[in-house]
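Order of writing sets the chain letters: A, B, C and D. Residues in each chain are counted from 1.
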Amino acid sequence: MATTRLETFCDGVIAIAATLLILDVRATGAHLGSQLTHIWPSYAAYAISFLTIGIIWVNHHTVMSVIGSVDRRFLFINVLFLMTVAFAPFPTRLVAEYVRAGGSDARDAALAYGFTFTAMSITYVSMWLYAVGGGRLLRAEADPKLVAGISRSFRPGTLMYLGATLVAFASPAASVALFAAIALFYVVESSVFAPARGRP
Amino acid sequence: MATTRLETFCDGVIAIAATLLILDVRATGAHLGSQLTHIWPSYAAYAISFLTIGIIWVNHHTVMSVIGSVDRRFLFINVLFLMTVAFAPFPTRLVAEYVRAGGSDARDAALAYGFTFTAMSITYVSMWLYAVGGGRLLRAEADPKLVAGISRSFRPGTLMYLGATLVAFASPAASVALFAAIALFYVVESSVFAPARGRP
Amino acid sequence: MATTRLETFCDGVIAIAATLLILDVRATGAHLGSQLTHIWPSYAAYAISFLTIGIIWVNHHTVMSVIGSVDRRFLFINVLFLMTVAFAPFPTRLVAEYVRAGGSDARDAALAYGFTFTAMSITYVSMWLYAVGGGRLLRAEADPKLVAGISRSFRPGTLMYLGATLVAFASPAASVALFAAIALFYVVESSVFAPARGRP
Amino acid sequence: MATTRLETFCDGVIAIAATLLILDVRATGAHLGSQLTHIWPSYAAYAISFLTIGIIWVNHHTVMSVIGSVDRRFLFINVLFLMTVAFAPFPTRLVAEYVRAGGSDARDAALAYGFTFTAMSITYVSMWLYAVGGGRLLRAEADPKLVAGISRSFRPGTLMYLGATLVAFASPAASVALFAAIALFYVVESSVFAPARGRP
């Protein structure tokens, strides 16, 4: 099977999940100005989730560039991965609404947020490990260095996400801020420093 | 007519229908933690519908791989099929909301759910039977064994879905659980056992 | 400019507009069974709009098959056309909600519905007339018979839609039923009779 | 990296953002006719946003036609750009709801609207400047005249948008009307006058 249709489908789900995030940014009633300021956690949650989903899309791009064919198991792992991506608008809304509430509500919102992105990372890495295991789905001409580089870049992801999630037990706001920091770090590291060191 | 645009359009509708499912997973008010536990039927309904739609997408993938051209009737059968796929978020929400209500409400929600997926299966099989009838739309080089294998794999689908639907008269929860079991069975069977036996 | 990206974008908007229709099919509260029966206008409006949008997609398919290049004016006419397609969920919801209300409310809902589809038809025919005028955007190898056949098939469209719309002044339900009849007639005519007479 | 997947993803987000705009055009309650008239700011906001997003899509089309490859930084600038496009439904809804409210609420809605489109323009121009800087991502065979023409056409954009935004301090309605005028001017200028003068 060719990879084109899988790419179209993944791009579709990722694009829709990212775009649906805006439906939960809402302001109504009088004194619009102060409301627009008051709902800043909605903007923050929107930006962090959109950026994280965008990073995942960029990585999916890199992964598919070295994959030459797909089989049914790979498709199903992708479906599971997309199920976690499409789930993202729900915890994003929870964080936007509850992160300032304090107490167990803020914690539970941040945990829901963190576990969703951790699950996204787990299914994503599984997809990669399956494709790369024994060179199963790799293009014949895939550069082994690039493949090793992708594997290496995925290694810390899940643990970092899990760590950031567990921080919610101490401070929900810090947990969400960590997700923002991871996303920003990733964008800067992979687009500024990595090319300078000749990495993909 | 080429098949590319049909694939793009189907992928679009299927991706959107699957991603819209999350809009109905909602939790508001205080005591977020207990609410997040309480709405477990929403997660279950989301997962079952997403997985079933994902399976249908994977199968559409297989079907289109042996189809070489499309005609207007085939396009319209596809539109009907997509109409049932795009309908899925509605009964999914009903099941999430009513399956625990008991009595006739739970039954009617499960029936709406089951009949939607049965209709999806009927339009899907019609699409295949039309394409394969007299080899109408098959690629010249399509492997007859693969074609026969697809036909065989579609045979039990509609009846199984109809059966699972009718179980709702006895137990709505059992009916929904059967849809989950069918989806899981299908994923395991087609991705683990089928390749082992040399099936597509 | 190539036509591929235009097709992807149009397919995207059309697929999303059709799939969003389901968000307005809603049932809440107790006595789910009687409610599911009570909201039949929602199902009817969903089915008519989805089928009509599906037909428009199939036709766009046929049109693009004879178009070899696009220019900026053609793109903008397409944007206008898509603006009317993406508008469809709004009057569809109005018809579902008001068609049984009787009086001026039912009439106004049916008028909003009809004028939306009439506007869709006008922008659609404009797109075609612009592309075909002086053979401007046609493929060099486009079959003149097929081009003439498309032109002929578009002729009655706008007037039929306008006529069906104006029927709402006499009977809103009859107006909506006419849109259903036009869609069904079109599907049957173009997929059953047209090929038999050697038409595309 | 090839540009195809980036185009698909951008087209997806742009198409979805434009189509989601309709979800905020709503009319309920009795006296539907007068309501349909009363909510004209919703139609205006829908049309202006849809047209502006459509113009951005057409321009993205032109930009990508001279770009031969993409790198990771370009992808991330695109993600930022898409983040502003996907944000559009939120201020569009605010304008529809508040532009007639007068006072600071109307002003703040118009400011939110204007700053969103200004941010869209800034990220869009950044994308172009990055691609074109030192010919970094241009196709080898890209026509230098076309490239210069695109650069020239982008120059006034951000300032015009910023200017129209700041008009909201004097008159929110005038600010929104300016966005409509800019969109209409652009469509007419680029599709009627530009080709006549041999511009792309």
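Note that in this section contacts are C-beta pairs under 8 Å (C-beta built on N, C-alpha and C of every residue); 3 or more make two chains touch, one makes a residue touch a chain.
All figures in this text were calculated on a predicted structure; none of them were measured in a lab.
Under half of the residue numbers at the chain A-chain D interface are used by both copies of the sequence. Work out the mean CA point of chain A and of chain D, and you get 26 Å between them. Distance from the chain B centre to the chain D centre is 37 Å, each centre being the mean of its Cα atoms. Annotation for chain B: residues touching 2 or more other chains are 8, 12, 16, 20, 23.
Chain contacts here close into one cycle, and each chain has exactly two touching partners.
Chain B makes touch with chain A in their complex at residues 7-8, 11-12, 14-16, 18-23, 25-28, 30-33, 36, 46-47, 50-51, 54-55, 57-58, 61, 64-65, 187, 190-192, 194-195. Listed in rising order, the residues of chain B touching chain C in the complex are 1, 5-6, 8-9, 12-13, 16-17, 20, 23, 71-73, 75-76, 79, 82-83, 86-90, 94, 97-98, 101, 104-105, 108-109, 112.
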